[in-house]
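One chain, chain A, appears in both complexes that follow, with chain B as partner in the first and chain C in the second.
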Partner chain A sequence: MKNQLITFISKQCIRLVLLLIAISMISFALLVMSPIDPIDAYFTGVAVSDEQKAIVSAYWQFDRPPVERYWHWATNMLSGNWGDSFVYKAPVLQVISDKFTSTLLLMLVSWSLSGVVGFSLGVISGIYQGKTLDRCINYFALVSVSTPVFWLGILLVMVFAVELQWFPIALSTPIGKSVEDVTWLERLHHLALPAITLSITGVSAIVLHTREKMIDCMNSNYMLFAKARGESLWVRVKRHGLRNVAIPAVTLHFASFAELFGGAVLAESVFSYPGLGSAITLAGLRGDVALLLGAAILSAIFVFLGNLIANILYIIINPEVQGGR
Partner chain B sequence: MKLIDNNNSKYTRFSVKSFNRRQWAGFFVVLGSLFLVILALVGTFMPEQSYAIDYNHKYAAPSLSYLFGTDELGRDMFYRTLKGLALSIKIGLMAAFVSSCIALVLGTLSAVFGGKVDSCILWLIDLCLGIPHIILILMISVSLGGGEIGVTIGVIATHWAHLTRLMRAEIMQLRNQPYVHVARGYGHSYFTIGRKHFIPHVLPQYIIGLVLLLPHAILHEAGITFLGYGLPLDVPAIGIILSESMKHISVGMWWLGFFPGLLLMIIVLIFDRVGTALREILDPMRSQK
Partner chain C sequence: MKKLLVFMLTLVCLACLAGCGKSNDASSERMKNGEVVISVGKYMISGGYDPTLGWGMWGPDPFHSGLHRYNKDNKLEKDLATDVAVSGDGLEYIIKIKKDVKFSDGKPLTARDVVFTYQTAKDAKNAVDLAFLESVQAIDDYTVKFTLNKAWAPFIETTATLGIVPEHAYKKDTYGDNPIGSGPWKVISFQKEQQLIMVPNENYYGEKPKLKKVTVLNIGEDAILAAVKSGQVDVAFVNPEYANAKVEGMKLTVMDSIDAFAVNLPMVAEHEENGVLVGNNITSDLAIRQALNIGINREEIIKNALNGFGEPTMNFSKDLDWTNEALTEKDNRVEEAIQILENAGWIDSDGDGIREKNGVKATFTITGRSNDLQRYNTAVALAKNAEKLGIKIEAKSMAWSEARKIAKNIPTMWAFGDFSPQAYYSYFHSSQIGKNVINNPAMYNNPIVDEHIMAAMNATDWNTVVAEFKLAQWDGQTGPKVDIPYLWICTVKVPYLVNDKLDLGVLGVNERGQGMGIVTNIDTWTWK
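Entry: the complex of A and B
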């Protein structure tokens, strides 16, 4: 079991390295090919002489051939220098670590929320298969998967921020307050709407999946036997249902990091939430190659970690896998 | 006694229900596709005057003459929305079609050749799923300098992976079926076996996969235009309409964002349901569930 896990993890590490090399190469190639002139993008809205342009170009190595630039970037990156973002006028690593904490908080809250809500709804829906409650939950899941994240965000803003004024419209902290003075409560208050938006769209996959598994589980012989023994519905569900359903649900939920990240980019854009998603959007629009590359690498690592955890949990929790190999 | 009665009624109801369900699904597929086709045609061939700038009717709330209201330039939001959705459907269809073709080719190659080719293609799938789709589409769009083509290629490049996996699994399973071996033994050519055994098996899965790609493709297209990539601002793409509506959100112009998004959601929902209904019709194993 332990050996199995170690070989598994070391194999995954090799996979990650290969993946990151490929992703960095593809991203670099894509961004180098882009018709946005990095020097013009650097000087947006500023009149500059050709000499200044040449200095900047030499400083950022825009005048070298792409392969050399990639090599330069990659070796620097390994030593911890991810380049500088000219949109934020700061080192990329610093921008990313600043922004990523807000995004991570947003994703963590909405991920947990959608996990708990989705799992409960799925279980309930599976227990009452075919009843009105099940149908309602099913319809909700189907509609929520078709709802564009950003439109949902706009709707929530219209209802809860503009009309009812329960929540602030945008940003992650109150305007005009320095970072140290912001309390956790204020932060959560600003986080609520984006997190709810993101979690509603993330709920449907887990609901539908859990429901299917729960239905299978309810129709199984051991459930029938438990019923014959006289166990009440909730005892049956608790003893025999939840454990069986939880394994695939947890795995699935960890494997959904890619959609979570994509959703966060959109949700942040709606709420002007100053996280990594907004930074990526801005970097792409302005042609900030270094920041985009850094963000792409980070997102790939993030998705990979989600899948890795899903796989490891699958090996650890699932007794069938342990005996099998 | 009661139990048996219950079972009986359940069985009769079940058979009638499943019969109806198939017909119901067919009816829904026809109706849904018709709706989408009409929408796409109307949107494509609509003259530009129908959403022209008209300063006399700025910020009109939804009414009978302006179903979805008008925006700050007095443009009719109903027609703009139709135009935007037609564009979304067009890009979605194109992207889904091309990426499903890629999936078919790669899936077949992977299953037929196996070995190195297979692991290579599996790695490509891994790579494609290893980065959030929105970011890859964004980078491709930046790389191609935006425009409809950038968005379309971005959506194509991100949507083939799941279907490739599905196609690969289908064909692999099919390859080892006894009747395929028997057909080989009878001396049938690969072409005949492909035509008689493979295509009838894979085609339904392919069509279902293609239709179910569409909702994702359309949502991604809308998302990327919402972020401000791809299409120029005067094109009434659905993402652009929605991102414009955000400017007027705090002054209570709810119709600017509400109706276009609602229609987008309905379209995506219809595509999704048509795909599922098609599965019920084409895949007899599942339709009995």
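Entry: the complex of A and C
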């Protein structure tokens, strides 16, 4: 099994490299072909002599042919230099790591939350199929899957931040407090609403898939046999249900990294939570090649890792797959 | 489903009930301590407070001071400079600076810091326009000599936007987030894109700010009303669409902006140039341009398109130092406009409400930038308003990249908002037609105007620059006043929600897009 895993992972790594090359090329091509002129976008609203524009353009190599620019970026990248962001005028890696930590925290919290809650709700709903509890959970899942993140976010803000004042309205730290004085508790307090928003919309898919699988499981012959043997409901579910049901949930949840990214960007904008979202938008609108490519590569690696973990867990959890390979 | 709905509704009702008891304790606490919390757009909290990389060009710079500055009437005046001597050929500037000026860290500001700032800005090859600066050197501790390689009067403008940075504390990678300047405010805490806390700089040589502490946030469009309602923010930059929301304890305050909406009216007939269509058969007729200019009702357009947040204009913003007021006339002179059209042969003979001349109908298209609703709405309202003149305008929403590319053929709605008269050169000089895609989209070509513009650009002192640019708009004989290359509509007003008890004094004038424009006069803000 170990060898199997190693060959599997190394194969995946080769795929990752190819994927990254393709993604960087496509993103670069799209940006170059887009009608945005970075110099023009940068100097919006200020009058600057053409000579100065030429100087800036030459400094950032906007006047070079695209192939040369890409090659320059790619060779730098291979030696570990991510380049400088034209918009932020700082090293790309620094810009991304500044913002990605907040985004990552938000995503991890809401991801774990939606995983745990979604799985539990799905299991309960499957066990009590057709009962009121099941119907409630089902409705909740259907409503939440059709609710746009930003709308839900605004609703939660209105109720819990403006009216009840249980949670802060926006930002990741208290207003008027210096960075050094901010405690972890305060940070979590600020993280709560965006994380809840994001996890509510992430819950539904897990609930519905787990529920479906649980119903199959409950109606199976082995469950009937276990019941006949006199095992109580929870013992049956624990012994014969959870492992079977976990497989779709795990795959689905790890594969949802991509959606998580999109959702996080929206939630960030509603809650004015600092993160990668606004930086990527700005990079796109201002033609900041280095930053956009950096962000594209990072998110590709992130999503890829999610899928890879899902695949590996699949092998570990499901004995059928092991035999098959 | 019903049960769930009832449950959720109950929850919301409970929530609302519980919320009734909220108070404004926070804001009165701030009032007592002389603190304010403001949310004025993204720019002020995105960091990079480094003047050598362009900070201060897109908005006011509270942290640094430069050799010159714009006063509250947008006129250039001396700031750090005490004496400016320009050589006869306009190539040499010898500037003496104030003595006893200190940075916020207590160290003195000398000519060395000025030289360092200009050298760093030039080497950075960034936004600061120093293309014509040949060299800069310190003559003594308080005298600096600038040598240009070409007479370039706008150099003075650069000295007004470029704040001086301290040589002893400047590190390229970190300075932007920890500025140490000689301006009225200093940063005490900064979290990128979250909040900036600033307090008065006790070493500032000018009049000190009245407030004790300002916290700057950027709360997004979605949450800003909620934040204002909860009493956590005293000054908030809001969308014009939300601006009429009633919030207890807050009032609507409107800031004039220099952003003026105008439509370019191509002045030559349609023809092909290098395979691209340029010119416009309708707008190239002087009668059409003149009739539109005096015939439309700008007030009504502003009411319909901008919720009233605008000020009619027939030229660049009147708040700019170099705008020639002679272009301002009364509009909505429908009779007169119709007379002009009929004299020129534009008659509606088939009774469809649209005039014709030689079989050509007076109809043309104006595009409005698709991601700027204000501009598109203005184009629509203009089209509606021109109907009474018998001119049919079709307003079309279009992506900006496309709209500006074809603007020499199909006019578009521009937002002209530059403090510098250099903009005038880009939009009116005949040599600029087609440059940088967007320059001179009206294809305006008037040799006398060109002469005035060049006289201004090559001038050696600022007064001549301003005077010549004014002549370029109308010298009593010719100019855009009678040629109407652009149909000006309005300058845009920027709405803010402001705490009732906060006195903002006389607001400055700034650009539309940057919410931070309102902080131009933050030094004079005070609690009532």
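Please note the rule applied: the second predicted complex is superposed on the first by the 317 of 325 C-alpha atoms of A that agree within 3 Å, B and C clash if a C-alpha of one lies under 4 Å from a C-alpha of the other, contacts with A are read in each partner's own complex, and residues count from 1 in each chain.
Criterion: contacts are C-beta pairs under 8 Å (C-beta built on N, C-alpha and C of every residue); 3 or more make two chains touch, one makes a residue touch a chain.
All values reported here derive from a predicted model rather than from experimental measurement.
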item: Chain C versus chain B on the shared chain A, clash or fit after superposition; value: clash
item: Contact breadth on chain A, by residue count: chain C or chain B; value: C
item: Which of chain B and chain C A:269 touches, first, second, both or neither; value: both
item: Partner chain(s) touched by A:49 [first = chain B, second = chain C, both, neither]; value: second
item: Which of chain B and chain C A:31 touches, first, second, both or neither; value: first
item: Partner chain in contact with A:287 - chain B first, chain C second, else both or neither; value: first
item: Chain B versus chain C as contact partner of A:248, first or second or both or neither; value: neither
item: Region of chain C that runs into chain B when the structures are aligned on their shared chain, from 39-47, 57-65 or 219-227; value: 219-227
item: Residues on chain A lying within both footprints (that of chain B and that of chain C); value: 34-36, 143, 150, 154, 157-158, 162, 169, 269-270
item: Residue numbers on chain A that touch chain B, as the complex places them; value: 15, 18-19, 22-23, 26-27, 30-31, 33-36, 142-143, 145-151, 154-155, 157-158, 162, 169, 258-259, 261-262, 265-266, 269-270, 280-281, 284-285, 287, 292, 295-296, 299-300, 303-304
item: Contact footprint of chain A on chain C as seen in their complex; value: 1, 3-4, 11-12, 15-16, 18-19, 22, 35, 37, 42, 46-48, 50, 53, 57-58, 125-132, 152, 154, 173, 176, 188-195, 197, 213, 215, 217-220, 222-223, 226-227, 229-230, 232, 399, 401-402, 405, 417-423, 426, 435-438, 511, 513-514
item: Chain C partner contacts - residues on chain A that touch it in the complex; value: 34-37, 40, 42-56, 58-59, 88-90, 98-99, 132, 136, 139-140, 143, 150, 153-154, 157-165, 169-173, 175-180, 269-272, 274, 278
item: Contact set on chain B toward chain A in their complex; value: 123, 126-127, 129-135, 138-145, 215, 219, 222-223, 226-229, 239, 242-243, 245-246, 249-250, 252, 254, 257-258, 261-262, 264-265, 268-269, 272-273
